[in-house]
Each structure stands twice: as structure tokens, then as C-alpha cells.
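Shared between the two complexes below is chain A, which pairs with chain B and chain C, respectively.
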Partner chain A sequence: MTDPVISTSHLKKSFGSKTVLQDVDMNVPAGAVVGLVGTNGSGKSTLIKCLLGLLKKTSGSISLFGEDPWNLSASAKSRLGYVPQIVKLYPWMKVKHIVAYTSAYYDAWDPAWAETLLDRWELPRDHRIATMSPGQLQKLALVLALSYRPELLVLDEPVASLDPVARREFLSSLLELCQHEQHTVLFSTHITSDLERVASHLAILKEGRIVLFDELDAVKDRVKRLRITAANDLPANFAVRGALRSEFSHNRAMVAVGDLDDRLVGELEEKWHADVAVEDLNLEEIFLELHHE
Partner chain B sequence: MNNRIAKVAVIRRPSRLGAVWLSYRTRWLMWILAAGVGCILFGLVWSFWTDFRRSKVIPYPGARALTSAEPSAPSPIPSVSVVNRDVQKIDWAHLKSLTVTDVTLCKPLMEKGAIPQLESLTIFGAITDQQLAELCTLHNLRSLTLYDGNSLTEKGLHAWKGQSRLEYLRVLGLTVAHTSPSLDWPPNVQTLICDDTRGVVVQRLDEWRQLPKLTTLSTRLIPGENGMPDETLDSLKGFPVLQRLFVQELGPYYPHLVSDLQSALPNLRVRPNSFDPVVGQRAATILICGLLAMIVMAVQLSSQFVTTASLLMPQFARSHLMPVIAVILLMGGLSFGLDLFVGCSVVASTGLCLAFVLILALGARCIRYLTSLNVVPMPGFNSPQVVLAIVFPPMILQFLLNSCGSEVDWFLRGERPWFSLVLLVASIWGAVDLFRWHIGLKRELEESDAGNVPLGMFDLGGWTNYWRKGQFALQAGEGKRAPYALRWMDSKNDRFIERLQGGNPITTLQLWRIGCVASSRDWLQATTLVIVAIWIAAAFLVPDTLSQFKQMPAFTGFQTLAMGLLLPLAFAFQRRPMQEIELLRPVTRRDWVTTWFYGVAFEILPVLVVGLVFGEIMLWSGTLGIWTVTDALLATVIFLGILSVVFSFGMWALTLNSLWKIALAGFLGYCALLSCLITPPGLQFQKIEWWHTPTIMVPLIGGLYLTAGVGYWIARRSWMNWEVGRSA
Partner chain C sequence: MQPTSLEFAVQPTSGVPIYRQLIDQVRALVASGRLKPGDRLPSVRQMAADLQVNMMTVSKAYAKLESDGVLERERGLGMRVPVGALDAGAATTMVPVVERQQELRPFAEELATRAWQLKLTDDQALAVVRSVLKGRKS
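Up next, the complex of A and B:
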């Protein structure tokens, strides 16, 4: 088994007295496409910046390509691509200038691939960056990050400003990149449908902690909704082991569980003389269930 | 649940004006500037308290005001004062200006042909007829100042009748002129200062009337009980080319002497021959104080009206009218302060105080368009009216005080009522116009120049707006030709970028440089052109100040260099948001830091070269006096030390996040910049001699380099630990 591309252990990051990340443990294997989701302010961008060495960890450990990201070597950086949440490029440059400027840093720059991406996303070479919309900037940043085919691509809400067509283009490019070569991708997003389309793994961040990190299919298999119809009215102290959320009225209950197994269904049927229907949840529903207070 | 809600403090709803005040008091920049205003005011009150009664009246024209009456004073290059300097070092053969306490101490002065190129001579001690005759053999002498003419006789004054090149003559204590019915004067003198007329005023005036080139006369006129005697006035009217007349003031005995004479002699410019220079200086200080208050207002208004709320919130503009009125009232109050403490006319000082509003308004209307139309893309500096107000009014004030103090004094006395009134009306118009301009600011930004940052380089939040507004930036201009500066930048990028590859230190540095909006070399060129243009324009507009201009290059040159020094740091500051990406380029953190340090240092290099060349020219041209190689080397060492200090602390400031830290580092850098005044040229310029003492200079230079070293260490450490993710 190969070493994980990204690995964190008990990672903590505080800004003054405010702790943003707490006990974050995560191992991203090579070739994984990890979708990082969380509510606003849950610490997604902070986690990404810590992983890239843009922020200094308060405690714990981080490893990126086996190195400390704070002192990442040049060769490790040449294998790394990053698109920030708000893209900031030199406004006085034109598209062709920023592409040339960026390419000068990377030996592995693929000009043909860059041209393909520029065409695919309809970015005119003579367009000045100052005149571009946030969506166009986002596309340009993606071109700049993808054109040297980095082994690890870190994207902080890369599709937030993209229209549906561009989003689809982006996802197909991402899939193309991942299918041909073994690339690892970590991207944060709020659009769970995109995540479902491309992600192999899911990481859910809640109040600075990773509350769920697993393969997407495994998550879908584990997190389910149970519809319970009992023979009699359910008591006031009705509870289900491992429930994320439960609602009940009279003899009916709806319970979301984080780790379903056959034994649990059997227990419920037996205890309450009930019919238990198991429903699959999509990612958005899983996310909502996990964040239910 | 209800208990939890009850514990949360309900946000109190302030009144509309309260909300405006809240938006002001929560802004750090405002407090920093307000602290500046407070400090100046405190200093002013302190100086009033300790120094007011010790103000002294200086001869006028004299000392600094002399230039207003000295349009063609000989160049003082190279000059020397034998009062304090070792006479053995003086190159007498090339000396052009000389000041001596006692003629007998300066033997070359009495040796024929020893100082052949001497053009300007000032003697504090008494001289005899014989010595005057010797002095008159100096064929190039154009300016002569004698502070003690007591020993000169009628016969001795025959000597300067042959001095045909003498253009400026100032002679004090010429007792022979009190009584003598007939005296000789240099035939081609243009400026004559002689107060010793006593009972023979008319005779003296008749003699001076014979001088065909006399344009400026300063003397003592004695009025009778019914004003100035007719024969005196007749004599004054008969001067062929006289333009300026300076006379003594007689206080309560004859309070309106000067204005009465001006009425009687409309073709002459009549002014008092003495004034208190502190009045102008204090007026200037109060005005700068008011100026800072206005800058606070301008910055605050810009930041308020740049928001979308300015267009959408009801009665937004009306609510923000109050601060404008408050500042204008403050300026009005200052003008009364000027009247009360300094003795200026209320009308004049009000006009002057409010003139800053006019400057702000004009800045907003004119200069802003240059930047908003992207003639020069200068994100971070897009409050040009504020820049204009910070840079130019103090310069203009100082310049006016130095070069035409007489006119400033005359104006402050309220003797230019029409000019004051015009200034006042124009300023009120300016205030209204400035406010109207702010009301439309947001729309203008959205429609035409949204790509520029409106809030200044220290407003970190402004950057986010800048990027988000980018899409609207040039849409109004789509299809138009890009401004020259951008086209020039494009061509530069076309030429260089594509053949650059990172990897070796030189190309990495070149790549780094492409990320700067402009190079310091470009800015030095542009600034030099602007300053030279201002010199030339001012020379034509204010011909009386020409002689003052000869002393200005050192000052303005220093200013240009100071700007050139700060600009690379300012450009670097603008790149802070891009550092997230830049740090992730395939370079180590150490290499990234090194590239930045080298990059900024190479940007400062042109300033260093220009500074050294400029300094050497100033030194060897003699503008700052006689210089030895040791002096020049010392100046260079100190200049480099100061540059290092500014560089170190400037680099440190680039990494800081909180405004206070940035302000602190900036302040340290600025202190270093100001300490240029303690370089040998600066000390020479201020006529301070102690810098020749090794016991002072060695610790000074040592301290300078030690500070630079410590600053460098702090900066390097700060860069190595910089969390760029927090700055983006």
C-alpha cells in the first residue's frame, strides 16, 4: 500500500484564542478524489491552507507528499496544484501573459493541454484579467492549475462561481485528468451533486473536526434513513442506537442513522413490533442529517 | 430556550447620525490621523505657551525673506563661511560666495586676485575705507552685504562708484548717510537696502533716483505730522525702474504708513521692511493640522460613498453631510484661532483654511480622472485627492514662506481682501462640489473605473472589493484602445515573458519583477519629469522665486528619492494578495523569501544609483559648500545605511497583518527616511557643523548599520514565518 498523499494527525489550528481546527485526522490515499464539505465557517479553507503550508499549524502533524508542508521542497511543489476560493491574479496582465508567466515556473507544463483547456472554457488569450468576471477568473485559475498535470490538485470551492455549463466542463476535465493518470484531488464544495459525480471519498468537517471520512460508497451504505411503523404508539423515551436524528409521532418514526447494520434493523423490528423500511440518502441529505442539531 | 434568547444582548438601534458616527469611530485609520491632528495641535499650543512672547521681528527684507527682494542675487556656488570652517581647506581660486566675521581674519580677501571668482560677500564686522577700496577690486562681485558700515566715510564710498557689476547692496549702520548731503553708490545696483537716512531722506532718495537699474529699495522714511511729506513722495515717484519699496513700520505712531504709501504710490509694491516669520510658520502649522482633519474626512467619505449602500439607503448622503459641515466649521474655528493666537486677518485665514477643500475638490475632479481612466493603473493609490492634499499643500506652504514671505505676510494681514474673498467663495464651491462628487462616486466606480481600489493601500478589505469589481472595470471601455500605460506594459510583457524560464536566480528575479505593476525606474523617470515640469512652470509663473529655486533641487531631489525608495515597497505591498499562489510555485520557502528580498533590493537599486549620482553632483557642484573626498565618502556611507534601514523595516512591514503593526513598521521606515536630514548634505543644508566630529559620527553610523542589521534579521524571520494564507 502506498503512503497517503496527505496525512494529518491531531491537527489543531487556532487564531488567537479562537480554535478553528481541532483534532483533525485524515489520510488521503493516492488517486483519491476527496470532497470536503462542511457548513460555512466550519474550517474548510483553513484546513486546506494548513495542508498547503499557507497557514502554520498550532499543534499536531501534517504531511504532504511525505514532507512538512510549511517547508515543502520545490520538487513537491511542482507536483501540487491549487485554486483558491477567491482567485487573485495580476489584473494588468492578459490571459496569454499570465499563462506564459505561470508556465515559466513549471518544467512539466503542457502547452497543448493548456491551449485545449483555454479553448474548452472559451477564454480569449487577449482578455485582460482586470476585465474578467469571477467565473472567468475561476476558469483561468483552473487552467493554470491543471496545465502541468499536478499529482495533487487542491481546490477550494472551485465551482462556486461557475455556471452549470462550465461546471460540467470542469468536472469532465477533472475526470479526464483522474482517469488517465493517477491524480489525487481534494476539493471543498457546497454542491453535493458535483461531489457525487466525481468524488471517491467524502470528508465532512463540522465545527473544526472531521466527523466523517470514508469512501463515498461506504458512506452511502452506512448512512440511511429508517421509516418505522410500530404496532403501538411509541413512548416518549423512544430512541434508536446511533441515531443522527429522529422524529416520531404516535406509532410512526423517521430515524437517520450514521452506521446502519442488519442487526439494528432486526433489533427495532423485534423491540417495537414494527415494520422498518430502509431508505437510501443522497449526499445532500446525508450532509443535512449529519448537521442536524 | 427563551432564557438563551434573553441573555443575548439586543443590538441597539442608533439614530441616523449616531450610525454615521459609529462608522467613523470604528475606523482605525481615522483614529491614527486624528492622533496626528492632536499631536500637531498639542505642539502648537505648547509652542504658543513657551515661545509666543519670544517671537522676534527680523529685518525684512532680510534672511529668508530676502529672496523676494532679490530677483537676481548672484549664485552662492560654491560658498563658504569662515566663521566655522577651517580656512586652510578653502579653494580660494574657485570660491564664489564668502561670509566673514572680520575682514582682517581673512587674508586672501585683501590680497589682489586671490579670490578672482567671488560673486557674493557678506561681512559682519566693521570695515574701513581702505578695506572697502580693496573689496571693490573684486571684479566679479555682484552681491555685497555689510553689517557694520559705521567706519566708512564719504570719501571711502567713492570706491564703489567704480564697482559696475554690483547688483545687490545691503549696508547697515552707515552713519555717514545720516548727515552727508552727497554720497556715491554703485551705479548698476538693482537692490539696495539702506536704512540710514535720518534727516536727509530726500537727498538720499534723490541720489538713489539716479541709479538707472534700481528695482528694489528698502529704507527708512520719516513721516511728518500730516503723513508723508510731498517732497518725499515726489522723490519716490521719480524713480525710473523702481518696482518694490520696503519701509519701516511705526506701530501706534503711524499704523497705516505702509498702506498710505501704497495708496500714494500705486505703481510700486510697498511692503513693511520687517515682519515676524513665526506668524507664517504658525499659520502653516495650523493649516496643516486642518488639512489632516480634511484628509480624515475625505478618506472616511470615500469609504462610505464607495459602498452600494450610498445609492440604496434612504437619506444616506444627507446623513453624511454632517461630518463635512463639522470639518468646515473646524476650519472656520481654526481661522479664528489664527486671528486670536497668530494675529492673522480672519478673512484671509478663513480663505486659506478652506482652500484645502478646494484642493481636495480639484484633486477629485482632475487628478482622479487620470487614474480612473487608467492612464496609469495604480491600485492602492486611488485616493489621489488625498495624496494630492498630503503631498502638495505643505510643499506649497513651505515654498511660499521661503520664497515670497513678504506676500504671505501681506496676505495674512488681510491686505488682499479681494483675493481672500475669491478664495473663500471658490473654497465653498469646492466643498459643495466635493460632496456632490462623493454622492456620485459609487455610480462612477461601477460604470467606469471599478477596477481601481478606492480605499488606499492600507485598507486590506478594499482588495476583496477590488477583485470582485474587476469584471466591471473596463467594460465601459471595451472596444476602446487601452490606455498608453497598459499598452506599454503589454508590449513589455509580450517581449519578455515568453522567453523567460525560472530556474536560475537571474530569470527568477526577472519573473518576479513581471509581477510588479511598474518598476521603480519607470516611476523615477515619471516623477522626475513631473518635478522638472513643476519647477519650470513655477519659474515662469513666479519669477521672483527664481533665486530660491536654485536652492530647491537638493530638497526636491531628496523628495523624489524618498518617493522612489518607498514605491518598490508599495508595489510589493500590492502583491500581497497573490502570495498564496506565488508561495506554491516550485520554490522552497527560503528561496521564495530570498527572491523577494533580492527583488525589492533590485527595484531599489535605481534609486540608489540615482541617489548617489545626484548626491555627488550636489556635492561637487558646490551647492552644499566645499566638500572633500572624506566628506563625500561619509555621506555615501550614511546614505547606504539609511537605505538599508528603510529596506529592512519596509520588508518587515510587508508581512504584517494588523494595521497597527503595519503602521509601526511604516513609521520606523519613515523615521529612517527622515533621518536623511542627518546625512552630511542634510546637515550642511541646515548649516549644522557638528557632524565633522568623529565622536558623534562614528556612533551614529554604527547605530545606523546596527539598526539595519537588526531590522533585516526581524524582517527575514518575519518572512520565514509569514502565514500568507492570512493575508490573502
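Up next, the complex of A and C:
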């Protein structure tokens, strides 16, 4: 087992008296494609910036390629790609200039792939950055970050300003990157359907805490919704162990559980003389169940 | 049949993990005899690229199918239906029609519900099914 690419322990970040991240524990294994999801204001961007050393943590520990991100070595930086949520590039440069300029910083720059990506995303070499739309800027920033095939690629809402066609192109490119050995990707998003195709792992950030971090397949295997039809009306104190949410009236109940085990269904059937149907949930439904108040 | 990725269809937004969907589909192809002993499956890379899913997802499905004996790994060539396996296409070993129909049932139930919601008659709903089936053959 190789060391995790990113690892945090009791990570905390506050801005003045406002705590944004509390007690974040997370280990991202090499080769994982992690989708980081959370509601607006849950701390996704803050977490990403702390992991990359763009913000100083308040307490706890963070390790990136085994180093402290606040004092990252030049070699570690050259293995890292990052596209922020809001892209800022030199407005006076043309596309071809920024590509040439950025390529000079990276030994691993692959000019052929950079050209392929520019073509694929229809970015004319002679366009000036100042005149480009947010979507085009985001595409350009992605080209710049993908072209040196970084070992770790961190993307903050990479598809937020992209149209569906560009989003699909982006996902293909991401999948292509991941085909090459051990590339690790961490991306935040609120578009769960994109994540379902590419992610191997899911991290859910809620109110500054990682409430779930696991393989995506394992999450889908574990989080389920049960529809219970009992022989008699259910009592007012009806409850199911490990329930994320439960609703019931008369003899029927709908219960979302975070960790379905083999025994639970049998227990319920026996206790309430009930018929229990298990429903699979997709990511969006899982996300909503975990955020039910 | 040498299957291509076109023989497979995954729903990423389904609650069933993608690797499980692939496993179910390979099992169905083998059980029905559509895939015969010696038939080779698309490479992990090919399948992942065509279906636009993570390679790890495909590897995971293949690994599970291998450990269950549904597929075997040919060194350097990828996955195939074991040559020693009984040919499910031969009438004597084929999984009975009733069992294969059972497998189709959940999809039919979903279809029936939606047809009812749309207030389609049985014939109208079946006409849609027929036309889809016909489209697949041509």
C-alpha cells in the first residue's frame, strides 16, 4: 500500500470567529478520483485551498505528497495541477502565448496533448484572454493544468461554467488522464451525475466536516431506502436503527439508512410483521438523504 | 460473437453501481449463450473509453467475473469466456427461458407502471416494445 497523496488529521480552519472546517480527517489514496460534494458554503473551496497551501490552516495537520503544503517544495509543485473556481489569467495574452508561457514552467509538458486539447475544446490560438467568456477561460485553464499530466490534479468546480458538450469533453479528458498509471484527481462539484461516471471515491462535506468518505460503489451498496409495509399500524415511537431519515403513517414507512446490513431487513420483517422492499439510490438521492434536516 | 462495447449499456445515474451493472450484463450474455466459450471481451481501456466510465470500474467488474469463474484472464489478451465452459448456446445447457424471463421482469414492471401513468393500452405499450426490439435487430 502506497502512502496517501493527501492526508489530513483534525484539520481546522477559522476565519476570525467563524469556523469553516472542523476536524477534517481524510486520506486520498494514489490513483483515486475523488468527487468532493457539499452544499454551497459547506467549505469545499476552503478545504481545497488549505490542502494546496493557498490558505494557512488554523490547526491540525495536512500532508501533500508527504510534505507540508504551506512549505511545498518546487518538485512537489511541478507534480501538482490546480484549476480554481474563478480563473484569472493575464488578460493581455493570447491563447498561444499563455500556453507557451505556462509550458516553460513544466518539464513534463506534453505539447502534442496541449494542441489536442485546444482543438477539442475549440479554443482558437489567436483569441485574447481579455475577450474570452468564463466558460472559455475555464476550458483554457483546464488545458493548462492537464497538459503536463500532473500526478495530482485538483479542480474546484471544474464544470460549473461549461455547457453540456464541453462538460462531456472535459470528462473524457479526465478519464484519459486517469488511464495513464497512477494519477490522482480531487474535484469539487455539485453536479452529481458527472461524478457518477468518473469518480472512484466520494467525499461529502457538510458544515465543515467530512461526513462520508468512501469508494463510490461501496456508498451505493450501503445507503438504501427501505419501504416498509407492516401488518398493523406503526406506533408513534416507530424507529429504525441507523436511520438517516424516516417517515411513516398508518402501516407504511419509508426509511433511509446509511449502512444497510444483512440483518436489518430480517429484523424489521420480524418485528413489525412487515414486507420490506429495498430501493437503490443514486448519488443525488444519497446526497439529499444525508442533508435531510 | 466477439462483443464490442456496443453490447453494453450502463446508467451512471442509477442506484446500482456501474460495476454491478456490467457484471449483470456479462452474466446475462453468457447465460443466454450470446457469448460462447472462447469469446473475448473488449479490453478494460476500450470498454471504459466507449462507455465513458472510470477504468477502475471496468477492472473491478472483470475481476469479480473472473473470481466467479464467468470469465478467465488470458495473459496479454484480456478477458474471455472460459474455453472449458459448457456452451450455453447448446440447447441442453442453456439457462431455461423461464429463468431468463424472470431476469427481465423488473424492467417490465417499470415499463408497466409508466405505461399506466401515460394511460396507454396494453397494445399501445407493446407496440413500443416491439418497435424497440425490431430496431435492435436491424
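Points to keep in mind about this one:
As a convention for this text, the second predicted complex is superposed on the first by the 293 of 293 C-alpha atoms of A that agree within 3 Å, B and C clash if a C-alpha of one lies under 4 Å from a C-alpha of the other, contacts with A are read in each partner's own complex, and residues count from 1 in each chain.
Rule of thumb we're sticking to: a contact is a pair of C-beta atoms (placed from the backbone, for glycine too) under 8 Å apart; a residue touches a chain by one contact, two chains touch by 3 or more.
In this text, all values refer to a predicted model and were calculated from it rather than measured experimentally.
Aligning the shared chain A places chain B and chain C next to each other free of steric conflict. Once the two complexes are laid over each other on the shared chain, residue contacts for A:90 go to chain B alone; chain C is not touched. Shared-chain residue A:33: touches chain C; no touch with chain B. In the superposed model, A:212 makes contact with neither chain B nor chain C. Contacts of A:254 after superposition: neither chain B nor chain C is touched. When the shared chain is aligned, chain C comes close enough to touch A:221, but chain B does not. Once the two complexes are overlaid on the shared chain, A:243 sits clear of chain B and of chain C alike. Of the two partner chains placed by the overlay, neither chain B nor chain C lies in contact with A:160.
Touched residues of chain A were counted for both chain B and chain C, and B has more of them. Look at A:72: by the touch rule set out above, it reaches chain B but stays clear of chain C. For the pair chain B and chain C, the model built by superposing on chain A gives 27 Å as the shortest CA-CA distance.
Those residues of chain A that touch chain B in the complex are listed here as 15, 46, 49, 52-56, 70-75, 77-78, 80, 82, 84, 86-94, 97, 100-101, 104-106, 128-134, 136-137. For chain B in complex with chain A, the touching residues are 377, 379, 451, 463-464, 466-468, 470-471, 473-475, 478, 482, 486, 489-490, 493-494, 497-498, 500-502, 507, 511, 514-515, 517, 577-578, 580-581, 583-589, 591, 721, 723-726, 728.
Those residues of chain C whose C-beta lies close enough to touch chain A in the complex are 12-20, 45, 48-49, 52-57, 60.
Chain A makes touch with chain C in their complex at residues 31, 33, 168, 171-172, 175-176, 178-179, 192-193, 196-200, 216-217, 220-221, 279-285.
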